[in-house]
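Below is one structure. I have some questions about it.
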Amino acid sequence: MGVARYWREIPHRYNLIGKKCGVCGKVYFPPRSICPDCRRKSAGKMEDYKLKGSGTVESFSIIHVPPPEFEGKSPYAVALIKMDEGCYLTGQIVDCDLKDIHIGMRVEACFRRIQEDGKRGAIYYGYKFRKAE
Amino acid sequence: MADIVGYGAYVPRYRIKVDEIARIWGRDGKSVSSGLYVFEKSVPAMDEDTATISVESARKAVKQSKINPADIGAIYVGSESHPYAVKPTATIVAEAIEATPVLTAADYEFACKAGTAGMQNCIALVESKMIKYGMAIGTDVAQAAPGDALEYTAAAGGSAFIIGRDGIAEINETVSFTTDTPDFWRREGEPYPGHGERFTGEPAYFKHITNAAKMLMEKIGTKPSDYDFAVFHQPNGKFPLRVAKKLGFERKQIEDGLLCPIIGNTYSGSSLLGLSAVLDVAKPGHRIIVVSYGSGAGSDAFDITVKDKIEEVERIGVKKMIESKEYVDYGTYMKFRGEFK
Amino acid sequence: MREVAIIGIGMTQFGELWEKSFRDLVAEAGIKAISDAGIEGEKIDAMYIGGMSTGRFIGQEHVAPLAVEVAGLQDLHIPAVRVEAACASGGVAMHQAYIAVASGMYDFVVVGGAEKMTDVVGGEATNILASAADREWEAFFGATFPGLYALMAKYHMHKYGTTQEQLAMVAVKNHYNGSMNPKAQFKRKITVEDVLKSPMVAEPLHLLDCSPITDGASAVILAPLDKAKEYTDKIVKIKASALACDTLSLHGRKRFDSLPAAVHAGKKAYEMAEIKPEDVDLAEVHDCFTIAEIIAIEDLGFVEKGKGGKATEEGLTSLNGEIPVNTSGGLKSKGHPVGATGIAQINEIVLQLRGEAEQRQIKDAKIGLAHNVGGSGGTAVVHILEVV
C-alpha cells in the first residue's frame, strides 16, 4: 500500500480527532462526513473534535491467530471501547496482564506502533489503550 | 538564561533482571549486578520505540506546562535508536502533540548526549527570541548484542523538556566539552554498537564529564557543595558514583537522580530522566548540576536553579512510574526485541 | 411482481479441493444445477455469481464472464454479473437474481456462488477475510475476523451468561448434522470437550468454534413460478428475499449482542412471506462462528434475545428439535467457501423441502429459511422458501 493511505489518517490515529455534529452535538469516532441522526442537515457541519482518550472496555478478545502484519505479536488484546464522549472504537489494550482485562475496565489512550510495511517500508503509529491510572 | 517550562518522562513498563540475563550466559548475576551497580533494566514492549517513548514524554511535558503546543517553535529528538535511518522522529512527535506545522524540527544523534544537545539548541533559540518555546527530548531503546556486556544495561526510556520563559526552573549556564574519542559506535546498517571496552572509562566518560563540570563551576564560580542535586550520565550505576566522588560531590547529592540501578542505561534518556526525577522532588531555590555524556565524545553541563513556580505544577512522578513494572524472562525479552528472525 | 421458483440446485463437494481450480468448481456446480433443472443453455437469460474476494484468493477479478465461459454460454452472450458482499455474496447474488426474475426482466437465471480459498497460504486467508471488516478502523489495529465475532461472544457471555460450553454445543450439533451430509468438509462428530480443547483462535473462540477455510461452489436455477412446472413437479417457491445493511464496522453499531441488519432482513422477510418465526420448519443460518448461530436464532425470532445459548443446550435447534438449524452441518461442518455459502444454504433448504435430504431429512418440512451474513453484520440476507 502506498503511504498516502496512512498519512491522511495521521490526525485521527495520532490524536483521536473525530467529528462532532454541528446540529445535534453528538461526537463520532472514527470521523464521518455526516451525522446518521441529522443526515442532510449535518452536511458541512461536522466539526473536528478531539477525544479525551479515556474510555471503558465494552468487550474484548485475545487474538491468538494474527494476520500477517501482526505475526510474532500474538497473543494480544483487541477491545471494543466506549469512549467517554459516547462513541465506540476498536483498539488494542497493552501493558497489562492479558488475564486482568475485563469488561468495564477503565482505559486511556497511549501512543504506539500499530504496524509496519515490512522491514523496508514505513512504520505506522497510532492509538492503543492501557489501563487507566 | 532560558527556563525549563515543563518536563515529561516515560519508562516502559517491562523489566528484566540482570540475574536473568546472566543466567542465560552462564554468568553469576550477583557479581555482574554488583560490578555494574545495576539490578534490572527497562525493556520496551514490542510496539514501543524511540518515537512512541518520545511522544509519551512530550505529551506529559505539554500537559504539565499547560502551554499551547502550537507555541512550540522547535522540537529536537536526540537518540541513537531513531526508528528510521532517514525520516525524522521529531515530526512524529510534533504531529502527536499538535505542534505542527509552524515549527522547526530535527533529530539529533550524539550517542547518549543528543538530548542535552537539543536542550542547548532550544536555549539558544529562546534566548535569541527566535522561538517562544522549544522542546528537547532524549530517548533511546538501546541496542545491545545478545551476550555483550552492554546487554545487562542497554535499556529504554526518555524524557522531554520544554524550554521557554517564566518556567519552573532557570538554566543559569551551560557549557560543553567535546573531543574526537571513539569509545563506542555503531556503523551504518549494523544492528548493534561496538565499543572500546575499558577505553570507555577514563579517557572517555570520566575525562569529558569532569572537564565539563569543572568548566561550568569555574565559569559561574560554584563549588560542588553549592548544589542540592547532581545528575551525571549513567551508563551503569558505578560510573556516576565514581565521577561524583572524583569531582567532590557527596552521594546524597546524586541519589535522587540516579536511576540506572533500577532501569538501566537509557542512553539519550539517561541524564534527562535523572533531571526529571530530581525536578519531581526539588523545591524552589534548589540548585542542580547536570552533566551528560555522549560517546564519541562530549559532555554538556548545565547549572539550574529551581523556581517558585515548580510548586504550582503537577510533578511527573518518575520514580512512581518506574515502580509500576512487570518482569519478563529472557525469552520474552527476545520476543519483545524482535530478535527471532 | 411475479412469483419466483427454484427449479434446479447443484453444488460441489466442499473441502480442500487441491486438484480443482476456481473455474472447475464454477463449472461443476453450474452443470449440476442445470442438469437438475433439465434446462437447455439457450433458455438461460442471465447469470449472477457471488464471490467475495476472487481477486485476492486467485488473483482473478472479472469472474462473471469467466462463469459464462466455463458454462459454454459465451456465444449466447448472456448477461452475467458478479456480486460481492463478503460472506453474503451468494445470498446477495440470490437476492439480485430474484429481483430480476420477479420483475419480469429475465425468466431463467443461474445464480452461483464460488470461492477457491486454498490457493493462498500462511496467514493470507485470515488477512483476506479481515477485509470483510473495516480495514482502516478495525483490521488496521489488529482485529481479525474471528476477533470481531469474539468481541460479540464475550459481550453476549457477559450480558446473558452464555457459556463456552453452549458455544461449543453449536459446533457439536452442526458436526453431527454434517456427518450425514456427503458434501460436507468435516463429517467427523465432535464433543464439547473437543471444542474446548482445540487451540484458541480469538478468545473465547476456539478453533472448533470457527468455520473452516473451504473450496467450493454452488448454484441454483430460478424461474417464474408459472413456468416452473415445465421443469419440475417438486416446486420450491421463494416466499421472501430480503436484504439489509448496517455499518461495516462492529463499533459503529448501536448494539453488539445482535446483528441489527439480520433482525431487519428477518422482519422484512417474515412480512413479505406473511409468516411468523414459528411457522418456519427449518433454517440454515450463518454460523461462521458458533456465537453467530446463537445470535442468529435470537435475531430471527426463534428464541428470545439472550436465550440462544440455553436454547441450543436444550436441543431446540437440533435435528429433532422444534426448529432444526443448520441441518446441512452449517458453515461450521459443511465448510464455508465464502462466496458459495449463501447459495449452498439455499441448496440445503431446497433438498429438505423436496424431501431429498436423506438421513438428515426433517419430516414434513414445508417452509425453510436461509440467513446469510456478510462481514460482522454489515450485510444480511434472509430468504424464505416454501414447497408448493
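By letter and in written order, the chains are A, B and C; residue numbering begins at 1 in each of them.
By our rule, contacts are C-beta pairs under 8 Å (C-beta built on N, C-alpha and C of every residue); 3 or more make two chains touch, one makes a residue touch a chain.
Since this is a predicted model, take the numbers as computed values, not measurements.
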- Message: With contacts counted as defined, which of the two, A-C or A-B, has more C-beta pairs across the interface?
- Response: A-C
- Message: Can you identify the chain nearest the overall CA centroid, using each chain's own CA centroid?
- Response: A
- Message: Just the number, please: Cα centre separation of chain B and chain C in whole Å.
- Response: 59
- Query: With chain centres defined as C-alpha means, what is the inter-centre distance between chain A and chain B in Å?
  - Reply: 31
- Item | Junction residues of chain A, two or more chains touched | 73, 114, 128
- chain A residues touching chain C in their complex are 9, 30, 58-71, 73, 75-76, 78-80, 88-92, 103, 114-115, 124, 126, 128
- Message: Per the contact definition, I'd like the list of chain B residues that touch chain A in the complex.
- Response: 13, 45-49, 51-52, 55-56, 59, 83-84, 92, 95-96, 98, 326, 335, 338, 340
- Query: Residues of chain C touching chain A in their complex?
  - Reply: 122-124, 126-127, 130, 134, 136-144, 146-147, 150-155, 158, 199-205, 249-252, 256
- Note on the structure: chain B partner, complex, touching residues on chain A are 10-11, 14-15, 72-73, 94-95, 97, 110-114, 123, 125, 128
